[in-house]
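Here chain A shows up in two complexes: once beside chain B, once beside chain C.
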Partner chain A sequence: MSKNIQIRLASQRINTSVPGNQRYPKIFTPGQVITAQNEFMRGHGTYEENGELKASVAGVREQVNNLISIRPLKSRYNGEIGDVVVGRITEVQQKRWKVDTNSRLDSALLLSSVNLPGGELRRRSVEDEHMMRQFLQEGDLISAEVQNVYSDGSLSLHTRSLRYGKLGQGVLVKVFPSLIKRSKTHFHNLPVGASIILGNNGLIWICTSINNSEESVGGFVQNLEEVVPRQERETICRIRNCILALTQSKMMLYDTSILYAYEESLKYSVAELLIPEAMLDIAILTQQRLTMLENA
Partner chain B sequence: MALCDAEKTFVLHGVQDNFRIDGRELDDYRPMELETDVVSHAFGSARLRLANTDVLVAVKIELDVPFPESPQNGKIEFFVDCSANATPEFEGRGGEDLAIAISNTLTTAYSSSLAFDSRKLCLLNGKKCWKLYVDILILECGGNLFDAVSIAVKAALWNTRIPFVKNVNIDGNNIDLDVSDDLCLCERLDIENAPVMVTVCKIGDKCIVDPNAAEEHCSMGSVVVAVSGTKISTIYQTGTGSLHPATLTESLQLGFRVAIRLNEALSKVLSRIRPDEEAGFLK
Partner chain C sequence: MSKNKELISKIGLRLDGRRANELRRIRCKLGVFTEPDGSAYIEQGLTKVLAAVYGPHEVRGGRSKAQHNSAIINCQFSMAVFSTTERKKRPRGDRKSTELSMHLQQALEAAIKSELYPFCQIDVYVEVLHADGGIYPACVNAATLALIDAGIPLKEYVCACTASLANNDIPMLDISHQEEVLGGPTLTVAALPMSGKIVLMEMSQRFHLDHLDKVLEKALQGCKDIKEILDNAVRLHVTDIGSSTGWANTKH
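After this line comes the complex of A and B, so read on.
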């Protein structure tokens, strides 16, 4: 890595958009007329003016029967039941934790919806309520699943599976929630020696490969003594920078795209991946490989 | 933003290994983007984006009377606005202490005549001088504010054009200044030696420059080194930790080295700026 400090001018800013192969849906901008006919009902992201239905946010149109709504491109996370999320504990309350999941309101993780150490069918006692801070305290990161969406849009989470629970050493990356592609599994053990959790809420957790055998302790332990070896650390940091490169060019994030970006990035050193040109290069190469995969 | 112990451990071990979470070495700087002349009604302005940190600086000029103790010097005043738009932590009076710290550090860094010659701002000895108001607005806060602010301030001062005074009529106590209407007739400031600040963050037993938000959280304390030309003009220590004398000299040397590099890079990019280029932010 050169020791030069890069200061660039805004006039020399590069265009980070990557041409895709698929057709894009029409994007509405705030104030744009969606329809002048008044037989439609207005949904989220729209308003009525002079008998016309207009968009109030920038996004794509969605229609269910007569109901038209605009789904914004950039927004906070709107939870759905079954989503995998990564969140940070903000508050320990009676019988519940408050979790910041990048949505409009803090989510709740009830004491009754976590697996406490010592087996699944364990009764929750008053002692457990007093011990809550020892399981999870403010600032801790967890992975969880959305159990329920309340009427005000806030979420109730659960970690009643051995996959979920407290996260150990690793890096958190924040991206737009709309860039995370929905798939069957959001936990990936990448063959390059790292594992990632793609939270539907736009928070991505990257850590060393998880051994499935060790994991069955309930997920409330962290090993702070263990030093992540240099090799694995480089892999984690490279994946982090690759994800940011794909995000810069607004490309969808899922295991294949991240893996391709990782492979394409190997010609650069990890620190060079902070330079916008290198980031764009990786995004373009990844897009090409994805297109080839689709056409194959 | 709070970090959990495991994340802090990861950052700490990375710093010890000379491989930080974004792959940089201890004394590496992130790429940044600079833009000048962004505010049309200001005499000079600049905007700097360093990763997630975004700073907008505007310079305004007024006529004033010099201080009686320094009749030959003009005035320069810094005001930092840490609005809650930058980060929720600045809500209410949350950003006030930081804002005052930044503006005080800038004031002391610019107070020396070797760093910034304010005598050039004096129009009439003891009677009239220019007063520069440097307004700094933090648009987004992603760590390393001091460095970003100092670079943006220097760029904005570089961009500043001071109106040309055609003639001065003195009639008793009544002073009449005839300022040129011609926009092309104006003077630039000499900012060759204007200070550049570098924050040296101590994490574990190593020192790093250009910390991101996560690294700032892991640090016990940091030293801001302001360097003008080839001299250290001021030092400011933040955080709760104390520093061992050996660490202090080490971090001063590191800060000094990086500041020289930073200053070189900045003067290089400023010399490349062409007038009337339309790009980016607000345009």
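After this line comes the complex of A and C, so read on.
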């Protein structure tokens, strides 16, 4: 066994931060007074005590007219309508599935808001209710879109598009939800031969390239027999490690940053990408390319 | 020999070289793990504690426990086998750790705005890696940091500190293990330092009422000092995350 094993002391850990922007907004911490005037409305992350508006989380201030809120830089996922999420089925109930979406309460996926095999206009019968576990069972991963946010903060999902549905073979990566950059599309077919779903809830799904013709079935087919060639699996692993490298340095994740990190990572082997120094190197190089792109 | 040892020498220094009103060195770090929602590590002198926070999440195991008006706060305290001089296996749920878990829960419930999270549960796990006196305060402080890291709304910081009386006269702050063993009664106070509210107070021995005021005042001052240190650490941490993400989604 001549494997290269890396063991290090906690004190030899490297500093992984890659500061880009040197302008700091004001930071508020719990209990700090935001303003003593009472003409403001209190938003999320604030509370009122003795006529003063105080912060309840550590973060930055956001103001819309008279509404002041403090946004923490890291928190559980707060869903918004239209978000793309990746989640795991935790429970099959009557007419609905419960989905763990890294949100503070489990989300609901109603039987009426999925596309059942057999087309749009199919009636949902009692048999369908009995068949629910055949479509999706506990532990299955799905991609879905947020349809509605209930008053208690829980989400209602739908998969009424061919893009959404059950996920087959691939790799799931969990990051902080705030690291996912909001963009027009969260489904990306990377030119390196893999596609990713960047869930707004911090769950990222990496799988082999999807060609659109094949996917038109939509929904609940899951082909676990098909063997993904080694080369594609390596690509998927490389992307996963690149995402971990960017996450370690707390950089935003979106198609460009992941693609740049992938390109910078090519000088390392996939396994070497787990060494902290290599991860930092990739993060720094990616950061530089992104700032160059910004300034260009 | 140790019986005649004085807790404070004639020139006003304690056994480890501190003065009566000085804290031990505090070093802390937020976001030490990636898997939990929030985590923190704190060192108070030689006492070292790790804390991890999971949640707020759906109540697992029996939905009947869920409360419609507030979140359930679930604390679990444990000590590593190697944390004291005597290496011994400490089963979960022995009397000491159950008591500490309950006290921790009491302190955190006072600070967390749990009414914002109905039907939810927040799990706080603390693990003592090295015990050198003042375990409970270190756990409270670590848990506070971990909660802030998780972005859970708090009324304010909740800090804890110990104080004792040396030579029957001088109150002293932040008691180490050596002083705990040698000395007299130890007062543990958990407080909300900004509003000055006391959320938990515990005494290890009987204590003359005359001394209580000054010792308590000392302990509260200690809580305030600790709050300043924690606050600085939180600000540094937020700045660090913010500048790496480029303050994304932030207008300023």
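Keep this in mind: the second predicted complex is superposed on the first by the 277 of 296 C-alpha atoms of A that agree within 3 Å, B and C clash if a C-alpha of one lies under 4 Å from a C-alpha of the other, contacts with A are read in each partner's own complex, and residues count from 1 in each chain.
Rule of thumb we're sticking to: a residue touches a chain if its C-beta (ideal position, glycine included) is under 8 Å from a C-beta of that chain, and two chains touch if they have at least 3 such contacts.
All of these numbers come straight from a predicted model, not from anything done at the bench.
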Clash-or-fit label for the pair chain B, chain C on chain A: clash
Which of chain B and chain C A:V227 touches, first, second, both or neither: first
First (chain B), second (chain C), both or neither touched by A:K267: neither
Partner chain(s) touched by A:P276 [first = chain B, second = chain C, both, neither]: first
Steric overlap of chain B with chain C in the superposed model, located at which of 37-45, 145-153 or 235-243: 37-45
Residues on chain C engaged by chain A in the complex (per definition of touch): 31, 34-35, 37-38, 55-58, 113, 117-120, 148-157, 192, 194, 231, 234-235, 237-252
Partner chain B, residues of chain A touching it in the complex: 1, 3-13, 88, 90, 138-141, 167-172, 222, 224, 227-228, 230, 233-234, 237-238, 240-241, 269-276
Complex interface listing, chain B residues touching chain A: 2-7, 9-10, 13-14, 17, 19-25, 27-35, 47, 151, 258, 261-262, 264-266, 268-269, 272-274, 277-281
Complex contacts: residues of chain A adjacent to chain C: 17-25, 27, 29-31, 45, 47, 49, 54, 56-60, 62, 71-76, 100, 104-106, 152, 174, 178-179, 181-182, 247, 249-252
